[in-house]
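Got some structures for you, see below.
In the two assemblies presented below, subunit A is common to both, partnered first by subunit B and then by subunit C.
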Partner chain A sequence: MMDYNSFITPTETGIKLQIDGDEKEVDHTLYKQIVGSLRYLCNTRPDIAYCVRLISRFMEKPKTPHFLEAKRILRYVKGTLDLGILYPYSQKNIEGEVFGYSDSDWCGYKDDRKSTTGYVFKFGTSPIFWCLKKHSVVALSTCEAEYIALLWQPVKLYGWKL
Partner chain B sequence: MEEELRSIEKNQTWELVHLPQGKRPIDVKWVYKTKVKPNGDVSKYKARLVTRGFLQKHGLDYNEVFAPVARLETVRLIVAVASNKNWSLYQLDVKSAFLNWPLKEEVYITQPPSYIVAGQEDKVYKLNKALYGLKQAPRAWNMKIDSFLVQQNFTKCTTEHGVYVRNTDSGEFLIICLYVDYLLVTDSSKEDIRVFKGRIMEEFEIFDLGELSYFLGIEFVSTSKGIFMN
Partner chain C sequence: MDNKSAIDLAKHPMAHGRSKHIETKFHFLRDQVSKKKLELEFCRSEDQVANILTKPLKSIKFKELRDKLGVTSLTNLN
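Moving on, here comes the complex of A and B:
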């Protein structure tokens, strides 16, 4: 794995992975170890949050395409080891300001038709918290999906429980 | 192993007694760990004596087990705020944190493997203070540090129980972020931080890890423009 070439993107655009399929199953333990390590890496790397979420859905029965996707993320990480987040000194005009942004897809996950939301909070110019999560309910329209996404922000910010 | 036992003896964690009737001792074992630096070099080898806490029974050997830790996003927010204000960040590590606090419940453990006192093989240790692996150990430690910080005029954050803040009269801030036995300390004045370090070192055995560089497996580097995290 060490002498593989690196990728410049962590995943293909519009990739769809599914649970069912007649591909060969791969080593569960290895797959889970990779996903676990990548999830911890997400604590400092928001850029891979989306694709790590994508592969962590198949922990129970990982198959060849899922494993290839996991390997692709590792190769992306290899090429971007020197990237990180900068928390700058003395920014102007950001006294206590935290911004939040969110977005949602609709029915992105074909196995149970649930939508996925991503959101990020920024302090000044640097992100401090980010998350990508599949909804726990099925949204009937893109509009509804966006509302659910919006709701999550104050939930996170004020520590409410749903 | 020798060092671990010395640390335990020094804290008067246990005493050798006969097992009272109706009590069951909990097994102990050694766990060996290698601590590494960010570049992969070995920084120290550790042997730690742990109890097999899963043998404890709720209500009999322990009651409350919950202990809060700071969330990672809180750590990042504190780093972001401190960096923006040009405050310096320091990191402290409490040595043998879980061995510091007296236990409420009566707990007996067997003698550690390969360190059995000759002639007293049938005796067991009665624990006066918590030991790693006990169900209530993290809570015991958290209560201890909590009462210490409150006594030092810190206020606990209401939504995030791992964060403590102190406002001084001169308008200075001191923020502490608690992650089990790691403390992330930041302050608007260097003088206050020095005084606080002195205080906490009187109370606990502390490794001063200096400026923030490596916290929870995340590397922080100070550059000319800001603090860089990767």
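Moving on, here comes the complex of A and C:
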């Protein structure tokens, strides 16, 4: 993979991956190793969090399209090795408020039709916490999905229990 | 937050045919908003950095949001 060209984005737009399909299965061990390494990288790179979550759903039975997507992420990472999160020294005196951003994709996972929430907390200009989580219930509308998504952030922030 | 109806639902509690089926535990949010423990704000799509976590984006939009998120190049720092 060293000679491959890099990609600008880690995923194609409109990508749909599903568990079932006629495609050939690939080497489970290799796939799991790739996903595991990428998950480790997610600790400092929130930009690949979405696609890593996307491919980590197929750990049980990885097939060719899933493996191709994993390779695409690796190629994206190859082109962006210098990226990272910076907490500038100039911001040390900011009496910062923490801002949270939350979003959800309605019915993002076609196999069980559950939605996924993504949220980020930012302090100044840098992200300090981010999370992607699949909902426990099936939302019937985008509004409901976002309404449920809204609750995750304060739950995390204040340690409330649902 | 980039969905106005969800904000409305949280800010103005009223019995509503279309929100009846939402599980009670999620209405905890509404409770906290009415007690002023939380504040919800509408955020335009261009500033919504959480988009990068929930959908695949095209390259221009992706780069723009990545910068807004705070993931920057660390090579030329000095």
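Assume the second predicted complex is superposed on the first by the 156 of 162 C-alpha atoms of A that agree within 3 Å, B and C clash if a C-alpha of one lies under 4 Å from a C-alpha of the other, contacts with A are read in each partner's own complex, and residues count from 1 in each chain.
Quick note on the criterion: a residue touches a chain if its C-beta (ideal position, glycine included) is under 8 Å from a C-beta of that chain, and two chains touch if they have at least 3 such contacts.
As the structure is a computational prediction, the values presented were derived from the model and not from experiment.
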In the overlay, work out which of subunit B or subunit C sits against more residues of subunit A. C
Kindly classify A:Y101 by the partners it touches after superposition: subunit B alone (first), subunit C alone (second), both, or neither? second
By the touch definition at the top of the document, which applies to A:L132: first (subunit B), second (subunit C), both, or neither? second
Given the touch rule stated above, what does A:D82 touch, subunit B (first), subunit C (second), both, or neither? both
So in the superposed three-chain picture, is A:S90 touching just subunit B, just subunit C, both, or none of them (first/second/both/neither)? first
With both complexes superposed on chain A, which partner does A:P46 reach: first (subunit B), second (subunit C), both or neither? second
Which partner does A:S56 contact after superposing on A: first (subunit B), second (subunit C), both, neither? neither
Contact-wise, after the overlay, does A:G118 reach subunit B, subunit C, both or neither (first, second, both, neither)? second
Pick one for A:E144: touches subunit B only (first), subunit C only (second), both, or neither. second
Quick check on the superposed pair: does A:I15 touch subunit B, subunit C, both, or neither? Answer first, second, both or neither. second
With the touch criterion stated at the top, can you tell me which subunit A residues are shared between the subunit B interface and the subunit C interface? 45, 82-86, 126
Residues of subunit A touching subunit C in the complex: 8-9, 11-15, 45-47, 49-51, 82-86, 101-105, 108, 116-120, 122, 125-127, 130, 132, 137, 140-144, 146-151, 154, 160, 162
In the complex, subunit B residues that touch subunit A: 72-73, 76-77, 79-81, 83-86, 159-160, 217-218, 223, 225-230
Which residues of subunit C touch subunit A in their complex? 1-3, 5-6, 9-10, 18-19, 21-23, 25-26, 28-29, 32, 37-38, 40, 43, 48-59, 62-63, 66, 69-75, 77
Which subunit A residues qualify as touching subunit B in the complex? 40, 43-45, 81-91, 94, 121, 123-124, 126, 128-129, 158-159
